[in-house]
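Sharing a structure below in structure tokens format, with a few things to ask.
Letters are used for the chains, namely A, B, C and D, taken in the order the chains are written, and counting of residues starts over at 1 for each.
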Amino acid sequence: MTNSFDFSTTLSNAWFPTPIFTASGCASSGRELSQFFPLKNIGAVVTKSVMLKARHGRPTPRMAETPSGMLNSIGLQGPGIDAFLTKDVPWLVEAGARVIVSIAGETIDEYASLARRIRSVPGLSAIEVNISCPNVENRGLVFACDPEASRAVIDGVRKTLGGELPIIAKLSPDVTDIVAIARGVIEAGADGVALINTLLGMVINTETMRPHLAGKTGGLSGPAIRPVAVRAIYQVHQALPKVPILGMGGVRSGRDAFELVLAGASGISVGTATFGNPTALIDIQKQLQELLITKGFSSFRDAVGFAHRNDDVDGA
Amino acid sequence: MSEINRQAQQLSATILSNKRIGQYHQILLNVGEMVRHCRPGNFVAISIGDESSALVLRRAFAISRVSDRGEYGGTLELIVAPHGAGSRWLCSQGENVELDVVGPLGKAFGIPTTPVQAMLIGGAYGSAPLFGLAEVLKARGCRVDMILGASTSSQVYAPLEGKRSVNSLKIYTEDGSTGTTGIVTDPLRELIEAGQIDVIYSCGSMGMLAAIQKIVEGTDVVHQASVEEAMACGIGVCMTCVLPVAAEDGSVSMLRSCIDGPVMDGARVKWDLVGEVFGATS
Amino acid sequence: MTNSFDFSTTLSNAWFPTPIFTASGCASSGRELSQFFPLKNIGAVVTKSVMLKARHGRPTPRMAETPSGMLNSIGLQGPGIDAFLTKDVPWLVEAGARVIVSIAGETIDEYASLARRIRSVPGLSAIEVNISCPNVENRGLVFACDPEASRAVIDGVRKTLGGELPIIAKLSPDVTDIVAIARGVIEAGADGVALINTLLGMVINTETMRPHLAGKTGGLSGPAIRPVAVRAIYQVHQALPKVPILGMGGVRSGRDAFELVLAGASGISVGTATFGNPTALIDIQKQLQELLITKGFSSFRDAVGFAHRNDDVDGA
Amino acid sequence: MSEINRQAQQLSATILSNKRIGQYHQILLNVGEMVRHCRPGNFVAISIGDESSALVLRRAFAISRVSDRGEYGGTLELIVAPHGAGSRWLCSQGENVELDVVGPLGKAFGIPTTPVQAMLIGGAYGSAPLFGLAEVLKARGCRVDMILGASTSSQVYAPLEGKRSVNSLKIYTEDGSTGTTGIVTDPLRELIEAGQIDVIYSCGSMGMLAAIQKIVEGTDVVHQASVEEAMACGIGVCMTCVLPVAAEDGSVSMLRSCIDGPVMDGARVKWDLVGEVFGATS
């Protein structure tokens, strides 16, 4: 039965043997996880968002646990694109992993420069453009919170990259109208969207009576935010049914992944769950496959957006 | 590039016993073969609660001792302070409960190849990994002295059998309820000047470790410090547990204390930059 | 020691003996809770948002439990303002409770009409204007998600009400810039803001493979959203330090309430926690008072926004 | 205006025993004085897990039986089906565990003042509150017949001692593994036509209750149905547990099943509107 089940998925022209991926920033460069399972056994490794230059990131404390979730304020610590492309990517390709590179910039130009370096790198499946960073050219406003800035970033990346590598724009849920942002980036040339990045949150340490994180605010992730992720995916899939969605947010089990798939996700990234369980990706992948088979699906792709069937009939 | 401890594995470990000792719980786990890879300084990361727990992250605990003798095969001991919700949950678990454990994790204490004069300094439950370390150092022919400190006597962890593996043991409490009134750094300068210390192995609060380093600075004494930063994953994938550490060339980077530590060269850690913004960050 | 501690608080010109209030929609009309403790023992009862006409609300299922939280889609079921004012308010006043009436409308006029009925009702402490409802005159866009509509609602209520009763505008966190919305409603005449209403979320039932709630989306509440509430309160208090904030979102213990107070809340509403523990309000009130005394505060008001001390020094 | 059960209180109750019976757990709680206020049809709402549980809402369970004799004073029995995370947690709790219980809640079954012919119909664990009801009805001189149904035998809850309190007991299973193959409504029409039923007391799935009402419709039989809607609070403050119910004048409102129910007049409930939009909603 398992043999005839087709678990593969696509995001635009990129093909993946399974729909379960790491989440950017939650698997470092992949190497650390490879001790617990071969990276080629999952759908893809989405690497930590890389910037043009090396960055120290934010001071500690960088994390706070919250009810069914956590806050992080890593501040995009990383080696910079050059070191990343020479050290990390070849290793991942060698390991047989499908690789989705996530990029982040502080200016629209920085994104384009990153795209330029990546353009000719062999072995990549797609590029995830993390636009949930503050735009230093525009009052520090987060790109993904501003329809114009979001568009401009994607437009720059698309022009630089040419038509080969699929571009997945990663959106922030901290917006009034996520469908409008999604529509904008698709118009600007993105092939798909990744939903959702973390929610902006804060924890105050009641001992010190100050914000717990050195960076004050941080990104909320984990099961706590899953209902927000499902809602965002559902809304965007309803409005743009043809746009592939890489879904994420609080997935900890095959059941959770299935929820996002039913809402409209063609791929699922698993982030915070890996911190609690190093083999979460493998467990979730197995559980999702079993669930799909039990439910009578003959292929993963048939289940994508299945919760929308008869949407019209319902009058929605 | 640093990698997670190669021997790390995830397994289900049964609690063999859970005893209160002062303010701590001594928890003995059956971990089988895993003990063969545990070195003093390594830690384990433990899942809290069941599927419906709101606590989604593992908790890190130093491996206090391991044994592969005895009726259960490999056993591993933790000394746990009931601090917040997670450690309190762990302390409340009884015999036969199964825990989800990942370990051994982290870099262990470096063991000298020749006999040296070693000083082991522990603050509160920081003494836990030092007794196992003492045994290893002893076996290498080192002289092993130990200083333990805590705010009050119930926070001193100094088991009887552990005392046997050290040449001397001094205890400091801030309130004087056990041993000498004072803190662990009080006698250090003098001992170093007297040439009685080649290597310091320390484990305790960041404040204590920084204070030790300050005293060691400019001397020949090597300082291996086991640091404690809040960890979300313990396996190097989240980047929350970082510390500013200088490389050979003086350049500072944020290293992960879960895989580049917890044991670090005290002279390399930029203690005064911990928790501070530095370099080109935004 | 407790005797000399001043636990009272104010929201604009309204005074309350303690800062712990019910949350709108989470204590019905108050009567049901009064069996577990006298309503006069808490700071205030914030009543369920009432509309002009009686409403059936949404079909069931109306709720789904989520990790450390829940979704609800009650749809503002209620008796309508007239029945509410004749039956519920007098009972509450009689019971010695401080009463904050929450109103909700589908049009800007409806809010003003509600204010007109309330204007002359004796015994009320304040009016909470729940603007997290869909605006039927403007593509169903939620008022609180639109700066102009938010302003217009408050402006209408202020003009109708005159200057007596404090107006607290209840905002939605589902916006790109909550500070801008807060600023707008204050300019339009609100005396304070209530932060936060629920986050829009969805749960998909993996058995039926459809949205679990009959209304598809619902409002996410409970501890899961506390970091978002703390962040919103912190941001608004930082930008508008003189504006009183009624804080809410995931408060389940005195420690949690303290977190919101440190962020800048002058009063705390407790919602979902009451569902899990009928005496949550009393427990939280007691724990908060003990915590404040332990921390050395001599009055509750000294703790409001305390996490912001030296904000300038920090460069924030 | 409806009010919460006046006798409701919140207390800590010790588990005296927890036994598996078929697919269910029979859980006996020590609740002291509370039993004096418990009537057949009332339910209790129980907290799940500890402070660090991700499950923030109480779970509702019908009171199966109470007793104020015996060595422990007042005891209350629940029949719990391990369904999702919350009920599974409850079923896994052992003796001496303390539960946070609010009860008795809800409207009880109405007891006729004169002897009548009562038919009690239970689906799956819906039979739990019916045996206590049967005893009360018997004591009032009623004839008490019972029909229980479930999909399979392990889902039938019919304790031996319970059988003593009814005049007749018939069991239907869909797979025929116990009793007659079929569903509880199969024999109803005939019994009603034969004039053997004055009042039906039912407890089970909404589908079963609606089917019974359909058969009763147009006859003189009174139908007291104990409904089951998802509840967030159990005490009337959240408005999640509502059902469309007609008033005397035919106007329909959404009544809370936790305080206007769970026992409702089957003829008043608008079964076909449950889960549907109606009236001026948006």
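We adopt the following convention: a residue touches a chain if its C-beta (ideal position, glycine included) is under 8 Å from a C-beta of that chain, and two chains touch if they have at least 3 such contacts.
Computed from a prediction, not measured in an experiment: that's the story for all the values here.
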**Request:** Tell me which of A-B and A-D has more C-beta pairs in contact.
**Result:** A-B
**chain C-chain D separation of Cα centroids, rounded to whole Å** = 35
**Prompt:** So what's the Cα centroid distance for chain A and chain D, whole Å?
**Reply:** 46
**Request:** Between chain A and chain C, tell me the centre distance in angstrom, where each centre is the average of that chain's C-alpha atoms.
**Result:** 33
**Asked** Which chain D residues touch at least two other chains?
**Response** 54-55
**Request:** Two or more other chains in contact with one residue: find those residues in chain C.
**Result:** 67-69, 222-223
**Asked** Touch graph across the chains, line, ring, star, complete or other?
**Response** complete
**Prompt:** Okay, in this complex, where on chain A does chain C touch?
**Reply:** 66-69, 71, 145-146, 174-177, 199-204, 206, 209-211, 216-218, 220, 222-228, 230-231, 234, 250, 255, 258-259, 262-263, 291, 295, 306-307, 316
**Complete:** chain B residues touching chain D in their complex are 48-55, 85-86, 89
**Item:** Of all residues in chain D, those that touch chain C in their complex
**Value:** 1, 3-4, 6, 8, 10, 47, 54-58, 100, 102, 229-230, 232-233, 235-244, 252-254, 259, 274-282
**Residues of chain A touching chain D in the complex** = 67-68, 223
**Request:** Please give the residue numbers of chain D that touch chain A in the complex, ascending.
**Result:** 54
